[in-house]
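In the two complexes below, subunit A is the common chain; its partner is subunit B in one and subunit C in the other.
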Partner chain A sequence: MIQKKICMVGVFATGKTSMVRQFVFSKYSEKYHSTVGVKVDRKDVDVQGTTVRLLLWDLEGRDGHQELQTSYLRGAAGILYVVDGTRRETFDQLFELRTAVNSAIGAVPSIVAVNKADLTDQWQITDEELDTLDASQWHQLKTSAKTGQGVEETFSWLAHAMLKGGQS
Partner chain B sequence: MADDPLQTGLDASEERSDPLRSAEFAELRRLLLSYEQHELEELRQRIEAMGLTPEELAEHLPEAVALRTGSDEKLARALAPTLEGAFTESVHRNPDQIATAIYPILGPAIRKAIADTMAGLVNTINRAFEHSLSWQGIKWRLEAWRTGVSYAQVVIKHGLVYRVEEVYLIHAQTGLLLASVTVEDLEAQDPDVISGMLTAIRDFVRDSWHSRSSQGLRHFMVDESTVLVEPGPYAQLAAKVRGQPPDHLLSQMQATLETIHLQFSKALQRYDGDASPFETAKPLMEDLLETVVTTDQSQTRSVAPRIAWAVLGILVVLLGVLWIRSNRRWNTAVATLDREPGIVLLEADRSFRRWRFSGLRDPVAADPMTLLSTLGVDSSRITADWEPYLSFDPDLVVERGRQLLGAPVSVTFSLTGDTLEGRGTAPASWVGRTSVSAPSVPGVVHLDLTNVNPEFPTEITRLRMLVEGERIRFAVGSAALPPGTRTQLRRLADAVVELRTWAGDLSYRAELELVGRTDSTGSNETNQVLSQVRADAVARALVTLGVTGEVVHPTGIGTADPVSADSPEAAARENRSVSFAVRLTRAGSGEGERQ
Partner chain C sequence: MNDRSSPAMDGSVLDVYGLTDVGRKRETNEDQFVVALMRNSLELEHTSLDDTASLNQLGQSAARLLMVADGVGGSAGGGLASRSAVEALTEYVGQTAGCYYRLDVDTEHEFLDQLEAAVRKAHERVRSHTPKGRGPATTLTMVTLVWPRGYVIHVGDSRGYHWRAGRLRQFTQDQTMSELLVDEGVMTEEQARDSGMENVLSSALGADYIPSIGLIDFRVDDVLLLCTDGLTKHVSDEEIAAILQRETTAESTCRALVDAALEGGGSDNVTVVVCRMVPPAIGLSGDSSPAS
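Then we have the complex of A and B:
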């Protein structure tokens, strides 16, 4: 069996833990729990007939320009960036985060989950802005940890990307 | 250049013949062979640096091997794959040779393996037996049942010194699990996540303390378990140990990790998420799993309480049995005394060793002590206080009568109303004496001894037979005593007197009845008178011979009750006579006795 380490990276309260919970346990809770340090979970996914065991390192959300704790990133085969669609600043810090990650572990397959898709009325990021990600060859998907929308797809895409060894 | 031995040799010969030519040769040599010369020089320097020629190496190799083997196990580990390969190759090529070579060690090895297995089995059985029968064993079983944990786990929990329960081989960089092993009866709990978290925790600690060393967090405790981590360049080994981990475990882990790095160096370097090559590392890791349980400790601790429990148990059973037996005996004793005629039990109580009774007792009633001792009661434990009283229970009245009358055993008594009646036989002396002066028996008004046959002494019987055997015969129609009867009458009179003396001694009165008869000739009136006259004549004669007149009773019956004989003549002769009968009467009763 193939095992891969994925790190969930993003500003605090973007829904990283909720996404993991939705993906691994199919559960969602309105209650907010701030992750301290890191929490590791596991989920097996099927990639074209091969079972891949994903070890999901749910990293503590960063606040503003706080330094990223890079030691948790070591050995990660994929990065899942999580952005809160209802909070502009989470999107704004995305590139800064990517730079920090890449300088720590090099370029690995990654994807951006634009979370909280169930709250489109409070959306603060335009589709045009999101298209800029595509322009920089950075795959992105709208997700909702609450409804489960796009969650499975996001992890699945990342698993594929990691197996191919490619990067986006 | 001048140091080169080849060159020096050549130069010497050349210089001697022609210095010019030699300079040219040298130039030529330099032009043609400069590259090879340079190479030779390098080789020479390298050999010098090694300080060893192959010959020298061959010479030093055994020592070097011995030296390295003594210091650590790296050489053995490095050589192991080569040796294994060589051995496999040899077995393939010529199995017989190997079989012959190892034959001398094969037999003992098999025997030892069997012996070890048997010893282990016996030990297991012993321990199982010990655990299942001891109080501790029962307690542990209860605990296992209550908590739903397996019995083996409970035993380990209590008797454990330490147990290496889980061993993880973790990829150093990614924190991904390469392999994990767990003790047999334990289920591993999400080893993938644990190895990830373990790596994360170590990272966190290292970051927090700004530790530069690669060692980092190597040792922490979770509840009753200790987690030991041995870090390596490509992989780390983590062991979860329940109890107190021994000192040697860390060095053992170190050695295992080194071996893994040696054997799996390529797989570790190329690792990209596929853990399958590390399956073969599991046996190495399993060597670390170890359970050490204190059986000595439990033995020394458990023997004394077990004996105490056994003794206590036996004591309780014994006391129980004794208590039941004592209780039953007590109840029987009380019931027996209650039932016994002539005993009125008023109080009965008992303490630890003493039984106390008090009440009323008729003197003729059975002895309570004797009664109780027949029930198996130790009479020394009994205190009894009996007040005398008279019981009118018929049995006791009879018994009292027997005792007061001094009756022989041949006489049985029964009480009907207030009359005590005797039956059977008794010496005439007792019958006579009792009839004259019977002592008063409480509860008895009348004493009836009519059904008691008196047994007379032989002297009285003999005299009686003698008297009753006599007959005074008369001549036809005469009442005169015939001349020859004088002696007969004296003998008779003496016997009667003697008989009366004997009878008197027994409180009896002996009386003599004289019966006069006639033959059948003549009228009845005449015969009646004649028979009376004959009896009177004999009576008078006896009185004159000393017999008291008032005990002589002459009667004439004529021909009323004739004596029979063989012929009419003989019958007539026998009937012309006076015969005798003795009557013995109890003095004072007025009742007669006739035999």
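Then we have the complex of A and C:
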């Protein structure tokens, strides 16, 4: 079976763990548990008739301007960046995070999940700002780990991109 | 004090110790712990060569297996469950230990799979004692430390803590019914606290179990603590952090933690395993690099 490692990267409390929980277990919890180190889960998905085991490495969220612990990224075939639409700083740090990831492991397929789409009335990021991601060839999807909106599609898009070997 | 200790100061810069105590209310101790060194290395005994220091680097290929388990089930069943689980795990992990020194990006997940398979076998071993129904069960918090990475497998409500530069963080999530019901949105945290279900396990070896898997990269000066709930029932996270900060050896840290639990009431068996990542400058035998 083909196995692909995906690292979930982002600022703390953007919903990385909740996205994995929704994707793997179809569950959501309002209670916040901060991740220490890495939480590892896996899920098998079908990509055009091929079963791919996704190894999901949910990395501890970046707190302040601490360095991203790049040792966890080794061997990643794809990166899922998670932004909290209700917190502007999580978007502001995105490009810095991408630079750190690319310096550590080079360019691999990646996608940005702009999470908390169930709270769009509280968003601090405009559609115009999100368009800048498209302009820099960075695929993005609006997601809600709470309702499940966009979660399956996000992982599916990344799985396809990893198999194609694209770099988003 | 009815304690069993496992000094593990082997000359590396990992200072490890384990300690368990029956507590002040219970008559039997149903907790277990293991601190084990796994080696796959060449160690010089006698040689005519001058530069033995560089050759002894080969002797640093070592990993640590650390675990605590808290049996539940009463009437000695809990003790049987925790003992069976740690015996089985030590046996199974020992059989597959040879692969840790070959760890790389491609084999890391195989290694995690093997650790998880060992936990599954331990679960089956515990279940074999009561094939016809619900029987004793046990928690498990296990870290396989292949410096600097710790591979974590966790089931139940024993805990793992990571201390770094004065900051203590719990890296395991309690698998109890109260936590589960809060997670599912059935109860608020306040209701859960009053529900009496904070000690009812939602996942345990020997019963329904869902292992949580993770990893942590450690640094010199970090401290790793594994403990059963006999500690955390009586000693707050703030007190634990203060003890980890104050004490300077794994043994003294274990003793201070157990003493604090006993002073707090000692209502349950209490077990702790502490691993201190000692700076090279004050390494226990002057080693210049962390055990790898």
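Simple rule for what comes next: the second predicted complex is superposed on the first by the 168 of 168 C-alpha atoms of A that agree within 3 Å, B and C clash if a C-alpha of one lies under 4 Å from a C-alpha of the other, contacts with A are read in each partner's own complex, and residues count from 1 in each chain.
The rule we apply is simple: a contact is a pair of C-beta atoms (placed from the backbone, for glycine too) under 8 Å apart; a residue touches a chain by one contact, two chains touch by 3 or more.
Since the structure is predicted, the reported quantities are computational estimates derived from the model, not experimental observations.
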Room on subunit A for both subunit B and subunit C (clash or fit): clash
Which of subunit B and subunit C A:4 touches, first, second, both or neither: first
First (subunit B), second (subunit C), both or neither touched by A:124: neither
Partner chain(s) touched by A:31 [first = subunit B, second = subunit C, both, neither]: second
Touched partner set for A:77, first subunit B, second subunit C, both or neither: first
First, second, both or neither for A:40, with subunit B first and subunit C second: both
188-196, 296-304, 368-376 or 458-466: stretch of subunit B that collides with subunit C: 188-196
Subunit A residues contacted in one complex by subunit B, in the other by subunit C: 3, 5, 37-41, 55, 69, 71-72, 74-75
Subunit C partner contacts - residues on subunit A that touch it in the complex: 3, 5, 27, 29-31, 33-34, 36-41, 55, 69, 71-72, 74-75
Residues of subunit C touching subunit A in the complex: 105-106, 108-109, 112, 148-150, 152, 162, 169-171, 173, 182-185, 189, 212-217
Subunit A to subunit B touching residues, read off their complex: 1-5, 37-42, 52-53, 55, 57, 69, 71-72, 74-77
Subunit B - residues contacting subunit A, complex: 171, 173-177, 190, 192-193, 196-197, 200, 203-204, 206-207, 272-276
